[in-house]
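Got a structure here, written out as structure tokens. Questions coming.
As written, the chain order gives the labels A, B and C, with residue 1 at the start of each chain.
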Amino acid sequence: MSQFILPSKATDTVIAGRLSELGIRLPSPWAITPTAEAAFVRVIGCRVLISGHVPIDDEGGIAGPFGRVGGAVSEEQGIRAAERAMLGIFASLVREIGSLDRIGAWVQLFGMVCAEPSFKGYPKVIDGASRLVNQVFGPIVGRHSRVAIAVAGLPFDVPVEVQAELELRPEA
Amino acid sequence: MSQFILPSKATDTVIAGRLSELGIRLPSPWAITPTAEAAFVRVIGCRVLISGHVPIDDEGGIAGPFGRVGGAVSEEQGIRAAERAMLGIFASLVREIGSLDRIGAWVQLFGMVCAEPSFKGYPKVIDGASRLVNQVFGPIVGRHSRVAIAVAGLPFDVPVEVQAELELRPEA
Amino acid sequence: MSQFILPSKATDTVIAGRLSELGIRLPSPWAITPTAEAAFVRVIGCRVLISGHVPIDDEGGIAGPFGRVGGAVSEEQGIRAAERAMLGIFASLVREIGSLDRIGAWVQLFGMVCAEPSFKGYPKVIDGASRLVNQVFGPIVGRHSRVAIAVAGLPFDVPVEVQAELELRPEA
């Protein structure tokens, strides 16, 4: 298991530095409503389960465009939407666990696309989320399995939703 | 991890008492057919994976109404269906692990709604299941991440199906 | 947890022998494209997460028939497609972990069917994958929870996709 343990506490700003290097600014985390019945992030020991996240704008609101990929939303916009969903996951993680450097391993992404029947490029759309994980966390920590399917509908009429599971580094 | 460990074996009827307090009677568990190729509940060490559960009536049969939320099934009926799916999960858990007091942490719910295209309130429907978990198990043990989406179809024409993962308390 | 630990290293060809006994030949594993952003198999300690797998032919290419179950694809062909998806998972596992004898427990299958609206037999279709796991690994190691739903679309227009989670035996 040592493959995905980062070397030391000296790495506490590694991911923040990497984000800055890539020119990526994290959005404000998705606002939690007081009546919410589910948590955006559930931590159980080293395991972290992330609720389905929709695309988030810089202020933590739900980002457009809305509608179906292959219709009102282009493939390229779908890829961007998957990236914004992953940025929302990053922001929720920072709120919950404090630092992205605590992440020892990405495990799996479950990518859901709302698309016109003629559009079949779900993996290409969800690659927007996967690529971001790989770019920011690198090929060892970022490595993940994946599902990329079309669903019949997503909340708020967003074109993409991403759920994720990952693991924290064991406490030093 | 100690946050989700209940104090002692003296708690062995805590959840049964809580159900009674809330006026909730568990249904008979969903009947297992002899030719079933999958288990309703899979226990691996402390991890418990629950198969997708449809709404269950008091006798352990599949409960109506049938059809799509936003069409033949109203939103309110959809919420009730999500509750009945969760009650079915509770009943399957009792059959498999003996007591709901063995549950140390709910982890994640995957909620699937069969809906008319115009209906988008999947999270509100799946809140029926989430709220029940929170009411019965409280905000620490019951805390869970979630996905709430529309699927193209569910077995038996039910409007809602819920899959879940949770963890057992370490053996005392 | 000892229930799913096979007795010894002497078992290293148990599953290969079982496959031969059943007359099952594993296909070549699904070809990995150099630009792939996700892994087919993710191993984290003892946990193994499998990406969504489509039906695979003997040479590791995507297998037909294509289209929807209940339409261009018959129920029987759907069952065969679920089997070919699981054979593809077996092949990906061999490539990643070397031997299927390292598997200590199947955990869960997530089965997705692309079907005509009139077709509701998703569990029967996904039974093709579940039955194969049970036949090859037996009722203790092979035991798994499951979801079997209809999705709005699958990549490459395949009728079935299967995702899985399992656990490795602790290293001897």
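Odds and ends about this structure:
Throughout what follows, contacts are C-beta pairs under 8 Å (C-beta built on N, C-alpha and C of every residue); 3 or more make two chains touch, one makes a residue touch a chain.
No experiment lies behind these values; they were computed from the predicted model shown.
If you take chain A and chain B together, the chains in touch with both are C.
In the contact between chain B and chain C, the residue numbers used by both copies make up under half of all numbers at that interface. One inter-chain figure worth recording: chain B and chain C are separated by 26 Å, centre to centre, where each centre is the mean of the chain's CA atoms. Within chain B, contacts with two or more other chains are made by residues 151-152. Residues 37-42, 44-45, 47, 49-52, 110, 112, 151-157, 161, 163 of chain A are the ones that touch chain B when the two sit in their complex. The touching residues of chain A, when paired with chain C in their complex, are 1, 4, 105, 107-109, 113-115, 117, 119-123, 127, 130-131, 134, 143-152, 165, 167.
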